[in-house]
Amino acid sequence: MSSESLSPRQGGLLDPLIQSEAWQRFSHTGFYRFIVFPIGQIIVFIVAATVFLTALAYLVALLIPEPRPNIVLSDQISRQLPGMVISGISIGFVYAMVALGYTLVYGVLKFINFAHSEIFMFGSVIGFAFMNFLSSAGVLADWNPVVLVIATILISGIASGLLAVLIERVAYKPLRNAPRLVPLITAIGISFILQDVVRALASITINDFNLTYPTRNIAFFQNPIPVVIGTNEVRVRMTSIIIVIAAVIMLLALNYFVNGTKAGRGIRAISMDQATSGLMGIPVNLMISLTFFIGGAFGGAAGALFGLNVGNVTPYIGFIPGLKAFTAAVLGGIGNITGALLGGLLIGMIEAFLNGLLPYFPAIGIRYTDIITFGILIAVLIFRPSGLLGERVDEKV
Amino acid sequence: MATVSAMTPAKTGFREILSRPAVGLAVAILYVVVAVLFVFMLDRRSLWYPLASLVIAPIFLLSPLVVASLSMPRIARIVLLVVMFAVVMPVVGISNPPYLELAVQISIFAGLALGLNIVVGFAGLLDLGYVAFFAVGAYLWGMATSPSETIFTENAWTVSYWASNPDLSPLAAGFVAFVQSGAFFFVMFIGIAAAGLVGVLLGLPVLRLRGDYLAIVTLGFGEVIRIFARNLDSPINFTNGAQGLRNIAAPPLPGFYISFTESIASVLGLRVDNPAVLAKQLLFYTIGLVLLFVIILVCFRLKDSVIGRAWTAIREDEIAAIAMGVPLVRMKLLAFASGAAFAGAIGVLYAAKQTFIDPQSFILLQSITILAMVIVGGMGNVKGVVLGAMIITLVELHTLPNLSLQLNALRNAGQLNIPTQLDPAKYQPLVFGFVLVLMMLFRPAGLLPEKSRRLELMERNEDDELPKEEPISDAVLVDGSVPQE
Amino acid sequence: MLLKVNNLVKSFGGIRAVRDVTIGISEGSISSIIGPNGAGKTTFFNLLTGIYKPDQGSIDFNGRSLIGLRPDQVNKAGIARTFQSIRLFGNMTVLENIMVGTHSRLHISLPHTLLRTRRFKEQERLVQEKASMLLKFAGLSGKGDELSKNLPYGDQRRIEIARALASDPKLILLDEPTAGMNPQESAEAMSLFRKIRDELGITVVLIEHDMRVVMGISEHIDVLDYGQKIAEGTPEEIRANPRVVEAYLGRRAMGGGANNDSAA
Amino acid sequence: MKLNKVVGLLSSAALATALSVSLVAAQDGDNVIRIASQTPLSGPQSVLGVSMSNAVRLAIDELSQPLVDMGYTVEYVPFDDQATPEVGVSNAQQIVADPSILAVVGHLNSGVAIPSSEVYNENDLVMISPANTNPAITDRGYATVNRVCGRDDLQGPTGANYAAELGITSAYVLHDTTAYGQGVAEYFQDEAERLGITVLGFEGTEEASNFDAIIQPILAQSPELIYFGGIYSQTAAFLAQARAAGYEGLFMGPDGTDSTEFAAIAGDAAVGTLYTTVAGPASIYPNAAAFIESYTEAFGEGPQPFAAQSYDSTAIALQAIQAAIESTGGLPSRADVAAAVRATADYEGLTGTITFDANGDPEIGLYYVIEVVSGDPAEWSNNSIIATLEIPSPLTAAAMAEATPAS
């Protein structure tokens, strides 16, 4: 979330405000840079995506008012809109957090960490293991739910971060000078290993690999919150709200870390020029490990949140969200942190709208959701070859 | 195979001796003979059969590569290879059919890996959706011949419909006769063209993208083709969707294949219940081998030509290449199309061999496995890529299953006690993962790197010292040539 | 005039890198484009060779417009170039590098390639011969089979030039070809440039900072500063031009002790 | 070049192995009978595949005594087909090359079973499928291919029929895009529409865990019934999320639902779920109860869908081998075993009484509609049968239609 990318441009309506001395002073405070601005950015992304997709949906409804007998598309849209938006945002934040892992690593090492989807899976399994431990100790229900969520996120985040660092040390670091595709293959090997190791552990310890979060029986997580919008009532699941809150807090922390601390500056420097950064005294290996740790921690925390939301995880759960998060990272512009956030939210929302509305077009149906999502990605890349927020790479000749 | 060069200059005494043509030839013949002996020594009823087979299968199947690598007179090499492929392989295959199956699978995957190598290894374009082109070929033959209830069968457009219909007009009878004789190869050519065309169609919009963006787009494209294959059963049924296409036809079996099989079997003293089955495998072996041979030849010819040099130039530096007159888009399209065309042809063979295809045969993991073959073998090096395809196919289809079979046999014999949770058969992907990681860690440039990459790796530390940055200039001021000379 | 550039304009974002430049290059000449760093010289080359698309202006070469052509088409039209920071195909041999340079002059046909026809073999032979000839011409005899990235810096510059010559250009654009060379190497390079013009009849345009080279070899000099042409003329005229002196001396105060002796 | 080293290494390894192989004398006699299974033992589908393999092992352990008494050793050889056609076919080649293997139990996926069974059939090796419900498996009419499980084209309509009986007027059909899930869902849809049930939507998704968005249009149309053609791990997660989002109608699935895990994943949301299967619940069938008990004891977890069918398949194979030995008086040929399997009549298995028709389908399929009574996995065996339907296989039905000419 670099502050430059959305900085106010000249000639806008807000000029008088922006040019006022008070604003100038305010905009340089940490409070603005690390709290107000990023939250504003997230809100802008969400509102923009919602407005755009809703408008598009109604436009389709205008063109094809009754795609199926007795189905008035615009009625269905208004009925489903809140539900689609909420599910889009919550899964969008999950994608965004996983996409951050891809993008951070790509930023510093310029390679796609294909094992990241398994880090996500690992996080979801650790989250399960922790809760299952509490549950079998009989204390799960006694914990304050907020504390429980925070503890779960911390534990699965730290464990996944450490795992990511370990993988980097063992499988990527020795290959830093090898052709670029080589770490890709080790990453795939690591994915197989992680899947099977988790499966072996799960089947030895609890003899099963459908790992069901024990939170199912806790009212706080289970009972949906009814929200009445207009004439229809929407039930919002508590876990969706947890995802959004946790993700926003973590993103703020990441923004502060990257843009407000010395270590963050080191990582940014490495992503621009590794060799020079080394010469300038930045501990390159340490910073790369740190990047893997942060990326892994985000992926792992996202895994735990995802597990909490869907209730049931397996050693093979990482592939689909991983692929989508990777798509999100590319859509936003791989290597760009704000891009990962935007891409994740967009992919989540697009998917939610498609899954919500395509059933009214029986000839298409949700079986084509993935194709349409990829179509959008390809269209974006054709017009913006480096993704939505990626820098244009005019190679210096 | 003239281009398969002799050994690099010898450095040690052993190598020096081995690099003498006569010694090389002798070693090669000895190797082949010993390998064949091993195969015939295998005792299926032994407790240790799986382990023995696990070791001997690669030794035997790698022997053509050994013959191709040792130094010997060219004529001897050709004769030896022909004997290997035309006599030794079929004889061993008839006595041990799983080895024949392995040979066919290896030829299929080696062909695929070589096709992908053109795109990734030669031209440096990362393609993660290569399996899509393979699917195009496979579905082409599948749709043409499967009796599954697709629009083609319903409208009597397919071979099976014609062939099973007794009342044929003379025209239709002629068509059937053509189909039964040459349709397979005809469709194979169409498969080449269709997959090549799909390659161009995909390439046109996306080839402007830089490396990793291209990777995700091709990955998406691979998924798109698979999803279409799965969904195009409604509203009009083209592909029979998730149910797949069954009973896909095989090419007609020439009579002498059966008699050849029978006579070999009688020479070996084997009881073969159904010689037509083995003969059909032999036919697929022949087609696969010929296809692979053609592909290898094409790879070498492309590589040592203007086109191959242009691809390497693009891989090394796109901007310099285009400034030197290499038309980027055209050459990249050509790479995409040639790689795709190979996959299309092999897809036709695959469908005929499997007799059944469904969308699950063309998942992302397949593309990644083929990519792994290219990289493990040595990107850009034709021989290396074939070796990579051999090893990965062998590991996946033979070594790992036999490893679990051995452990299972020991367990059945009461010599080993494993809890069912750790049943070895369940953990083949785990071992495969370790194999991939270790191979890459110990040979990052692949098993047989391309010559230039070998050099690159040896000198990677000096790489950074080459003066890349622009020299600090304003020479003017130092030597003072302005204002006076 | 072999090359006639009129009112060329190119901006990047808000920065106008080349503003309204008009330059003419006459056939068979050796000329230089000079100017302080950031004056827009390399951008100008990139515009000529189609790597950047100009915003306005015209480029006429040998009687045809180059506007809208891709770099490979410009190469085919007869302009070859080298790069400021060497861009060789590092993992190809020297000979192969030069062979790539012939691409736009070759007949490329898939059937001929796959069938190894006589026509194909004949062409390959000619390409080989030409590459060997250029190898010798550029003073690289005996180094044809080395990987280009393994050669010393000066040789790499020569390979780039030989590679550019391989496309039989009418005009060759050399972007700081002697940068990083010591005086003796520069002198050798100068004689190579002269040979290119005298023996091969190719028009030469240099971007150069080394004034000894510029003054010693150029028949005509154009001076760019801040994207604009501020002067043109013979070396003598340029030396006497107060605007040029100002452009350079104006930078001296900020410039500091950078020098060109940082040979590899 | 490294090739030399590799060659040297391999050769010496081979020599060593060959020597040790010849030293370790051949241990098997001629009286070893092996039964192979091919199921996915790794990857996401391995929950089912492993359970099937376990059931085969259990059946061999429990039921091979008659053969042992006749002087034979019975061994079990599990193969991992990785749910991948190439692997399945390659394994099939290995299986047919081992003459002591007389029967195969497998596969889980029709996409693997069809090409692999071509290999078995060419070599007269009998395959008994516990899980391939795709009609194409037996419609090819091979003498070696049999199945003990239901057929998609019978199971789907069974569900639809029962829904119509309940007076359901609208349904929403989902499937998991596999041959199994989509197949059974399509047959459900066709039959439901024929019976006058409005199908509000027919959708397939590969999504395995997050169904938030997919649920929205279902809620908006509020169907009386959701039919999900798929495996429990997906359908249970869907059901839990749908209930949390406010869905209150009925939920129905095919035999892929029949797992204690369904209750474990969905919890109380599972209560009231309907599913169709050929395997009766343990509470009513004492055999089934005994199977579940011994399975759980041996493997530490409950059997998954198709485990009972795998047990039956193995039992049929063992019985057929015994019959073939008795009629031939020695080790039977594969063709003998295949014929004996096909001749199986009135076999009392865990999943009903099985008599194969000429295509290898059970002549009469006994299909149950079962209701889940509790969200506690331990209570799974108490699920109650709420309808039983006897449906003849297509071949049998055709024969019956012929026997009673239309009046």
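Per-chain numbering from 1; labels A, B, C and D assigned in written order.
In this section, contacts are C-beta pairs under 8 Å (C-beta built on N, C-alpha and C of every residue); 3 or more make two chains touch, one makes a residue touch a chain.
Owing to the predicted nature of the structure, the values given are computational and were not obtained by experimental measurement.
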Higher-contact pair (C-beta pairs counted), A-B versus B-D: B-D
Chain occupying the middle, per Cα centroid: B
Approximate Å spacing (C-alpha centroids) for the pair subunit A, subunit B: 37
Rounded Å distance, subunit B centre to subunit D centre (Cα mean): 33
Interchain centroid distance [CA atoms averaged], subunit B/subunit C, Å: 44
Mean-CA-position distance for subunit D and subunit A (Å): 38
For subunit D, residues that touch 2 or more chains besides their own: 42-43, 46, 177, 204, 299-300
Shared-contact residues (touching 2 or more other chains) in subunit A: 196, 207, 367, 370, 397
Multi-chain contact sites of subunit C, meaning residues that touch two or more partners: 51, 83-84, 87
In the complex with subunit D, residue positions of subunit B that touch it: 7-8, 14-15, 18, 31, 34-35, 38, 41-49, 51-52, 55-56, 58-59, 62, 65-66, 69, 96-98, 100-102, 105, 148, 230-231, 241-244, 246-247, 273-274, 277, 354-358, 360-361, 396-398, 401, 404-405, 408, 412-413, 420-421, 423, 425-430, 447-448
Subunit B-facing residues of subunit C, complex: 36-37, 49, 51, 70-73, 75-76, 80-81, 83-92, 96, 99-101, 103-106, 108, 110, 113-114, 116, 120, 123-124, 127, 147, 149-150, 153, 163-164, 166-167, 176, 179-180, 209-212, 215, 239, 244-245, 248, 251-252, 255, 257-262, 264
Residue ranges of subunit A touching subunit D (in the complex, touch as defined): 76, 79-80, 83-84, 86-88, 90-91, 196, 199, 207-210, 212, 216-217, 222, 224, 235, 237, 240, 306, 309-314, 316-317, 320-321, 351-357, 359-360, 362, 365-367, 369-370
Of all residues in subunit D, those that touch subunit B in their complex: 1-4, 7, 10-11, 13-14, 17-18, 20-22, 24-28, 32, 41-43, 46, 50, 53-54, 57, 75-80, 82-87, 89-91, 93-94, 96-100, 109-111, 114-115, 118, 122-124, 134, 136, 140, 177-179, 181-183, 204, 298-300
Contacting residues of subunit D [partner subunit A, same complex]: 42-44, 46-47, 177, 201-217, 219-220, 233, 236-237, 240-241, 244-246, 261, 264-265, 267, 299-301
